[in-house]
Each structure stands twice: as C-alpha cells, then as structure tokens.
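Before anything else, here is the set of structures, which you'll find just below.
In what follows, chain A forms one complex with chain B and a second complex with chain C.
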Partner chain A sequence: MLESYIPIFIVMFFATVIALGITFSSMLLGPQRPNKEKLSTYESGMKPVGTTRERISIKYYLVAMLFIIFDLEVLFIYPWAVQFKKLFAEFGISIFISMFIFLVVFELGYLYAYKKGGFEWD
Partner chain B sequence: MTLEIVLFVIFALVCLVSGILMVTRVNPVISALFLVVNFGSLAGLYLTLNAQFIAVAQVIIYAGAIMVFFLFVIMLINPEHEKRFLEYKPQLKIFAVAIAVLVFLQIAYIILFSKPSEGVSREVAASVKAGTIEQIGRELFTKYVLPFEAVGYLLLSAAIGALVLAKKKFK
Partner chain C sequence: MGIGEIILISLVKILLIISLLFLTVSYLTYFERKISAWVQNRIGPNRVGWKGLLQPFADVFKLMLKEDIVPEKADRIIHLLAPMIALFVAFSTFAVIPFGPEVHLFGYDIPLVVADVNMGVLFVLALTSLSVYGLTLAGWSSGSKYSLLGGIRSSAQMISYEISMGFSIGGVLLLSESLRPIAIVESQSGWMWNAIVQPIGFITFLVSAFAETNRLPFDLPEAEPELVGGFHTEYSSMKFAAFFLSEYANMIIASGLIVTLYLGGWQIPYIDLLGLPSGLVALLQVGAFIFKLVAILFFFLWVRWSLPRFRYDQLMNLGWKVMFPLSLINIIWVALLIMIFGL
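Take a look at the complex of A and B:
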C-alpha cells in the first residue's frame, strides 16, 4: 500500500533538502561581515519601536474560526464526491438529498455570517 | 513490510521529539511551529497504519486550519502576562503536574489493558480497503447519514458561536 505513496515521500524529501540546503548554503558560502546596524531588527529603515509581542485584533480570530469551519465542511464533500456515481446508482436520489440537507444547514451559517458582517473588515 | 516499519519508526521518532520540543519551548510561537511538525509526522503515522483519508484530513485540518487558529490565538493573548501569572501563582504548577499524570495514566491504561475492537479484520488488504476515501464515503452516506447531518448542525452552531463572540451586532 505504502508503495503508492513513494512519490509523495520523494517530493517531501526534496522539499526538505532544498529548503535546508538553500538556508545553510547561504550561511556557509556567503560572506559574513555583521555589524550592529545589520543585525538590528528590520523595520523598513526606521529605528525598531516597541516589542515583537503586539496583541492583534480579535477579527483574526473570527477569520481563523470561519476558515476551520469551512475547511471541515469541504472535507466532508471529498468522500461524497468520490463515491457519488456508485452510490447514486445503488441508492438513487437519497444520496444527493443527504448532502443537500448538510449543505443547506451549512449555508444557514454562511448566510448568518454574511448578514452579520463576518466577512467584512472594519 | 519492512519499509512500513522503517517509516513508522522514523515518523514516531519525529513525532516524539517534536512533541517534547513543543512542550519545553518558552516562546509559544516556536511551540506552535513544533506542533506543526508533530501533526505532520502524525499524518505519516496514520499513513503507515493504512488510514489514508485520516492522514490527508490531518494535514488539511490540523496542520492547516487548526494551526492558523492556534497562532492567531497566541498572538491574541499576551504571553508575557502568562509568564508573570505563573510566577506569582506557583501552586498552579501542582495542578498542571496532577493533570499530566492523570492523562498519562489514562493513556497507559488504554494501551496496556484495552482489547482490539470486535469485527476488525487482521488482514492487511482489508485494513487498506477500510482506510480508503471510497470506503469512508460509502460508510458515511449509508450507515452513518444521521451523525453526518448532526455534524452539519454542529458546524452551524460553531459558526454562529464564533460570530456571536466576535461580532456584537448586525449592520
């Protein structure tokens, strides 16, 4: 079974090797003449102000939460889509209806988010 | 067979090391990034255990969406306050240790004393088939339609809950 995943492992292997290789080769091969100015935190040429730990807005939380929910939603559609033709031949329209109910329930949440301005940034 | 064992050991080691590194880091953002490595190696473990769909779901949901969420939440709170919080309430560490021991005992009990579930075939071919997306789709839309629809309502309630918390009123 795992043999069919060997291409994925090869891609993962090369991605890791290239990422590490590029990072470390520039460390090893490039000239390094550090001074205080060069090592200071880059802030568009300004003098760095404040700490790294700034608290961010709660709006990001909403975006992340909605992303998880929509992501999960889509995940349930994959097995349905893959098996749809076979199951449709076997069980008929009920397979379509079960996904339709799921999507309708979910679209209620989508509509609520839309109406409440969940997709707006203000 | 040996390839699977080798991969399993590699993924298990990566999983263990990244887990330990995650718990011991001081900077929570670095912890979160080690958690990504942990989730990725966990996906590899699922793959070696013939749970292909779970492995993909692990990458999409946990390493993707949940990690974005974790990072946002870490940036939402101010971790500097958390550090001081533990400094003037050191007795909280006792609770942390107690809960950790409790969870460890539970896991040890499950591993040592539980029996394999009934009706699970020991054949490799059957377990490969059970983990495929086709098989999961078939089971989900024939036997488990009702739980599937319930998941729809659960997601709806989660979406509404998040919106109620973060958005106060209608436009």
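Take a look at the complex of A and C:
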C-alpha cells in the first residue's frame, strides 16, 4: 500500500524542479540594469506615501479564527461520512441523529458569531 | 510489481501529464484571450503564427527575457519563495486526479492516474490550503500597499470558501464511502452523477472553486481598478508568469476535481451495454474526461467575461451566510437520501 505514495514524491520532485526553473530563468536570461526609480515601490507613478506595514482591520483575524473552528468541524465530518453507509446498516438512524446533534451544537456557535456581527463587513 | 517498475510507469505518466498540463496552460491563456475577444466583439491575438496560435510561446519567451526586478523594500527571500510555492502547489495537485479507467498495457494493469492513493481528496485539500501561502507571502513580502491588501484579501477569501468546499466534499464522501478519487468516480455509475444526486453540493463546490482559484467574479485579490495588480503588483518577468501559470494550472485542476467529484469522472453512462472492445472503451472514456474538463474550463472563461466583480463585503457575505449553510444542508440531504432510498 505504501508504494502507491511513491508517484506523489516523484511528482513533488518534478514540481520543485519546475518551480525553481521558472523562477530563476529570467534571472539568468534577462538583463540586469537596476536604478533607483525602477526599484522603488510602485504607487501609480507617485512618490510612495507612508509605511507599507499598515495596521489591518481586526475583521481579518476574526475570519481566520472562525476558519480554524469550522475547518475542524469539516475534519470531524469526514470520518463519519466515509463510514456512514456501513454504520447505518449496522446501527440504524442513531448514527444520523448523533451527527445531527453534533452539527446543531456547532451551528449554535455559528449563530452566536452571526448575531454578534462576526460576518458583517462594512 | 517491483519498485523499479512502479517508478518507471509513474515516470512515464508524470512526464506525459506534465507536458500536457504545460500545453493546456499555455493554450488556455490563448483561448482566454480569444474568447474574451469573441465576447467583446474583437478579433484577439492573430499575428504570431496561424490565427495567433504561437502567441503563448511568444509571451513566454518575452517574459523570460525581461529584467527580474526586486523592489528595494521587498523581503528578498520570501519575495523569491512565494512564486515557487504557487507553482509547486499548482503542479503537484494533479497527481491524484484520475483521467481514465484501468488499462492493460504490455502485461501490466495500469490505472490512468499518477498516484492511486487512498487519501487523494485529503491530499488535494492540503495542497489547496498551502496555495494560500503563495499569495499571502507574495503580498506581504513585496513591501507595497497594493500587494499587502491583495494578499490579505486573498487569504481571507480563500480560507472562507475552503470551508464550504470541505463541506460540499463531505456530501460526496457519504455516497462514495472512500477518499480515493477512483472509488469516488466509480460510485457515480450510470446517471448517478453527484451533480444530479446532490445539486446543492455541486453548486456550492462550483462557486467555492471559482473563489479558490481567484477567478472573476471573485478576483478581489487582483482587482485592477483598486489594487493595480494586487498581490503580484511588484513582480516582473518569469516570477509574474509563475503566478499567471499557477492560476491557470489551478483552473485546470479545479475543473478536473469538479469532473471527478460531481460529473462522473471518465465515465460514459451505459457504455458497457454497447459491447465495444475494452481498448476502445478506455479510449472513449479518456476522451469523455477531456471533453468534460474542457466544458468546465470554457464555463470558467465564459463566466469571467460575462459577470461583474463582487464587492468585498458581498463576497464574504456569500461565503459565510449563503454557501456555508447551503453546504451543510447538502450533507443532511445526502444522508437523508441514503437513509430513505438506500442509495
């Protein structure tokens, strides 16, 4: 069974070679004539204003945190989904009900985040 | 089969697929320009070669011979690393997508997929999560405001839609009972395509695939009117082309995934009733896979040149308030179908 993973490593090796080749090709083939104007940050031809390490809206961090929670939920669904037919044949509807309760509890959290305005953007 | 034979067979398959992928990517850029021209009543590229067919190669060689500019404010190492991550992800994901049935050649049973692994779907999900890094690091390391905003937007957008994508796949797994892409294709025999059995899941997956590949109407990370080029504003020459290539390669992979998970993969309904020789059937089935793939790719291009861009709050609302509940409903729907009709 483990030998079915060999092709994946070969593909990853080729992907690395392609990535290196493409990224370095124009470094080797292209001209190198840097000057100050060319190397400055592009802001539509104006002089760059302020810092680039700006503060970012807290909303993005909130989205990232919610992502971790709900992505974990996805991971809990997968083993259940793969085994569902077998387990249903053996144990009947209780397999569905137990997952349903889990989802309801999780969606209470979703509703809380919703009502608190966690998904509002302005 | 010994290790040497496995390596040899997979090398042949990988080289074949990589060259096909390169060819498809370059001609996808050509068809994108031709279709956009057709939609907007223009002619499109027609100078290089017959009807402009050599245009993609002209573009690649032009970009290769351009100066590679690294802005002085950029973080040099990460600025170099970001396009590599994007390319690496784009060129390794196709390994688990099956493009045909098992064939008998030279005394071997060869499945027409590069790597027939039992966790293929998880592999795809893991690599799509990695592709967020390419875009975000590119935006952060460039030292430009436009890039930073584009990178942050893209990371928030991609992780938001990854959730509804994951839940939609859950519905597929309920029916296939396996994470192996080949088993998923085989579970959709006849007309039992997942797109027909679970239309809600198909739609949520399709929309999430558009968002994951940063295609219009969800191309907020590189919205030209507000952000110039978005996360790749400060990239030039082949590093810029790296993002371009990976975007198109991701489109091909997303189409391949849609075909595998929802449109029955390589299968043609009821072809075994015709009694054709098995070699011909295999050939027709590979053809069917390519036909479905091209149809979805055309849909990608068609949508891009027909719809306007979403606003950022609309995008996030759609992801969290519409797609997420819909994909949950889809899982319940499939579970009910299994319990009531015993699918």
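Note that in this section the second predicted complex is superposed on the first by the 120 of 122 C-alpha atoms of A that agree within 3 Å, B and C clash if a C-alpha of one lies under 4 Å from a C-alpha of the other, contacts with A are read in each partner's own complex, and residues count from 1 in each chain.
Please note the rule applied: contacts are C-beta pairs under 8 Å (C-beta built on N, C-alpha and C of every residue); 3 or more make two chains touch, one makes a residue touch a chain.
Small disclaimer: the values here were computed from a predicted structure and weren't measured.
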item	value
Chain B versus chain C as contact partner of A:Gln32, first or second or both or neither	second
First, second, both or neither for A:Gly117, with chain B first and chain C second	first
Touched chain A residues, chain B compared with chain C	C
Contacts of A:Val82 with chain B and chain C, given as first, second, both or neither	both
Partner chain in contact with A:Asp71 - chain B first, chain C second, else both or neither	both
Which superposed partner A:Val105 touches (first chain B, second chain C, both, neither)	first
Touched partner set for A:Tyr5, first chain B, second chain C, both or neither	both
Footprint overlap on chain A, where chain B in one structure and chain C in the other make contact	1, 3, 5, 53-54, 56, 60, 63-64, 66-67, 71, 78, 82-83, 86, 99, 103, 110, 120
Touch list for chain C against partner chain A, complex	3, 6-7, 10-11, 13-14, 18, 63-73, 80, 83-85, 87-92, 94-96, 114-118, 122-123, 143-146, 148, 152, 155-156, 159-160, 162-163, 166-167, 170-171, 173-174, 177-179, 228, 233-234, 237-239, 241-242, 245, 312-313, 316-317, 320-321, 324, 328, 331-332, 335, 338-339
Residues of chain B defined as touching chain A within the complex	3-4, 7, 47-48, 50, 53, 57, 60-61, 64-66, 68-69, 72-73, 75-80, 124, 128, 133-134, 136-138, 140-142, 145, 148-149, 151-153, 155-156, 158-160, 162-163, 166-167, 170-171
Residue ranges of chain A touching chain B (in the complex, touch as defined)	1-3, 5, 9, 53-56, 58-69, 71-73, 75-76, 78-80, 82-83, 86-87, 91, 95, 98-99, 101-103, 105-106, 108-110, 112-113, 115-118, 120
Complex contacts: residues of chain A adjacent to chain C	1, 3-8, 10-12, 14-16, 18-20, 22-23, 25-27, 29-34, 38-44, 50, 52-54, 56, 60, 63-64, 66-67, 70-71, 74, 77-78, 81-86, 88, 93, 96, 99-100, 103, 107, 110, 114, 119-122
